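For clarity, chains are labelled A, B, C and D in written order, and residue numbers in each chain start from 1.
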């Protein structure tokens, strides 16, 4: 196993990983930008090193600085967390070339799944239903119009190198096509350094349901069940739960089976998530695979009793998987609310000094956060400041537990989305589980 | 069920109960002394009422003020928490006389178990081994000396109306008897308003193991397994865990059986704890019963998955027990550290303003606390400021999780016992489970 | 002494009315002087004021005249008259003597007489007949010069 | 006490209502007095100051003379000479010109030349050959009047 690991991330996920490392008896090295000098992850890690200035490209996205930091600290492995370089096949390769284990999938798997068109092709060949749409990139506007006629409006234009909800545009009208293609291409170039686009059918009344899997790279892959992630805002997940009210045992088996086929076929190593759209008739479509740890992994930890991050580290360190599929049973119900430092009306990120910070606690309440009283939220990074996760015997009890936890959560000095979470949790439609990816849009 | 409940307590347990009430959809009324104006329990409750001045006798022990508060707020029931009036049979009676449900045992059960001599007699008659000692109160010094000759030194002098570790003196030498009896009698009068004393054998290398039970008052009683509470300081519990390394399935069944016999015989209603001494040979002796919710109930919640406080309230509200004995299975391992505001060397309570307060978090970490950054710990009450409870698959993992959680817990402005907890958790003897009630004494 | 201890030391004086602190032990010596203008007023936030006890002086805001507030010594129900059929003990403007009964707070069927804390005139009656009152809640304001 | 501890100490008092701090141990002594006008500028704590970028001015404590600190622009390994067998680029007292190479920071096998930010004399060399250095860590102090 590893003796020292560098965590190439910040915020709550850096803390989550450092916690797992400590519990496994592995020394942890935090990296930080000059803006994160007082960040909590630098305080709880065993060692820390400043890798660059505030802008992510100079620090958390600065691969040479990260490798250099890993070398001067003499680590065995790098954990990339999520976001930043976690799905960068090139970074994974550079790590391995430098003799540092990358705690994540094999570079070729990151690459295969990172290109959404290749991933669609891979999955389609296995006979698993993918989202209706193209398997080639869009050549030009005329090509896009031909596709639109073929599969019918509305459509969604996506960046081939995008993912995680970024770089997506909806087309409701054929006339919009030339314009949207132009904008999407420009955005894709800026965001992903690649202008490749493709088109999928856009479904309106669907759920986003994903399957958490974990593989040991030796053909062993286990599914940890589904997460319901339909409550989204601007394609960003907002509330996640497990299990999904729309998934019964039969459907769960089918989805697990599809996820396992997709990943077993490539002998997948590490944690990953297969994202599906689920329609009202119980038919599901492959959207994409995320080849990394996900923000919402705690809901699965709560219902399975499995420490996903520890398992991920152990597998990367060469250990065997600690569970087999028959050990996995979902017990009770877990819900996660993402607490963001943002204006609940405008969604504009809110930076500033937190002068009151009182966390909820008590039974089956988990907070994965990284801020504290007196901390200044810097304006440079993601607005997620804490994940509030609860578990209870059943969904109704979990909702009530989440409601009282949101009531207890006092953050002053910056704006947060807590009021919106409270509104959603108190709504009849949420309580009934009548949700879709357009829930918040219709709700506000 | 109840629609509104008054919580006649303060601190973390008031918060724990308010949380349970909120989750059950019951309105909560907090009471507070003038010293607790800014206490968190007043902030999270639905309503609050000031009941008296800082000294407990004028507020939290002031039965007329509590009943009056309950009446002006129109509550259906009072939850007494632990400590204060929770084991006061008279208060339970006054509540019921005023038409307010007392969320606790029947007054006669509180009385029976509250008098330790009567309790010993009750249990002895059932054929369950009690601590060797007297069944009558000590008449005078000569009587005490006769008993000493009979059962052999060392002995322990206890107050008949004492309990919970208070009012106890050890006798190592016959010459000390007259003096100790005199002091113990004086202390018992001050603390419990009653001079009755009795004598038990004092065992040196034993464990304190207790069984958590819950009864519905209709003959149904369920045991939730044991807690190992041997790590004590000055007869006050310091670290608790479940299960106990010293208890195997066979012994657990025996202890459960004894606890169930003691409580079924009186048709016990509510939650309660049967405390046993367990010697090195696996023989156990009844010490006393606590007829209330206990500080350390969360470790049992973690390993059983059962919400003990919700169950207690539901039963008091006339609902049936939600579980039967066969549903109770202990899964994994839970540990609790009591975080006190006190000098870790001298044990002197430390009051003052907390200027940094950063709580541990992450998977399977629970904090039941009541302080926050900027809060001033008043000098009037118990020094417990938070309970840190963790769960993991096995004891070793739970210890590592507790260690990293203690490392993360940053409290500045007052002194706490966190350093001592860290020392104990890091010790080889604790890791091996070689513990007894004299662990800390020998350890420091 | 390391940086943390120094930080703690600073924390210590920041909350107090301390201007300067000097400490030495063996060959180690430290002296900390506080900035003058920004000395926070005893570091006390309003939440930390000691609680009002029944019958404390309340310097009122208008022209510094010290009114006296008569606070409830019990949590219970306030009554302004000896019984529903009788007249109130006092009204606004009533002249009262120290020790005179001016109201009742009932707690658990016990009627507790509320007495004037000083000679003066009733300036305000803050509760209505039958109102629930908390411990320490102001019931009357007496103007000792009234 | 090294430069970091001093920096930390300065950070500490900047954050607080502290005017002056004096500390001594053995033959070591430090006294830091705060500039009057900068007391709590716009509520900013030192933590919120933009970080020093390589080559910023460092006002030193003795008589206000501004020394220049040359900071590492990379996380990596510091070398004081072009190769182990060669002499160091500079020593204490060496006169340097702006832009002159005075050291190397190696990151991922790439040798990055560290240049003097100003004309002057090397007053201090804060790292030893082969030391690991973080981004922004001071490597040299240059006295522009030296």
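Everything below uses one rule, namely that a contact is a pair of C-beta atoms (placed from the backbone, for glycine too) under 8 Å apart; a residue touches a chain by one contact, two chains touch by 3 or more.
What you see is a predicted model, and the numbers here were worked out from it, not measured in a lab.
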| item | value |
| --- | --- |
| For chain A paired with chain C, centre-to-centre distance based on mean C-alpha positions, whole Å | 53 |
| Chain A-chain B separation of Cα centroids, rounded to whole Å | 42 |
| Computed distance of Cα centres, chain D from chain C, in Å | 54 |
| Between chain B and chain C, centroid-to-centroid distance (C-alpha), Å | 36 |
| Residue numbers of chain C (touch at least two other chains) | 11 |
| Per-residue overlap in chain A, given as positions that touch at least 2 other chains | none |
| Topology of the chain contact graph, where touching chains are joined (line, ring, star, complete, other) | ring |
| Pairs of chains satisfying the touch condition | A-B, A-D, B-C, C-D |
| List of chain D residues in touch with chain A within their complex | 45, 47-48, 50-51, 53, 74-77, 107-108, 110, 132-137 |
| Interface residues, chain C side, partner chain D - complex | 1, 3, 6-7, 10-11, 14, 27-40 |
| Footprint of chain C on chain B - complex, ascending | 34-35, 37-38, 49-54, 59, 64-65, 67-69, 71-73, 98, 353, 355, 374, 376, 412-413 |
| Residue ranges of chain B in contact with chain A within the complex | 15-16, 19, 22-25, 40, 43-44, 298, 301, 305, 307, 309, 331-332, 356-359, 361-369, 372-374, 393, 397, 400-401, 403-404, 407-408, 410 |
| Footprint of chain C on chain D - complex, ascending | 5, 8-9, 12-13, 16-26, 34, 39-40 |
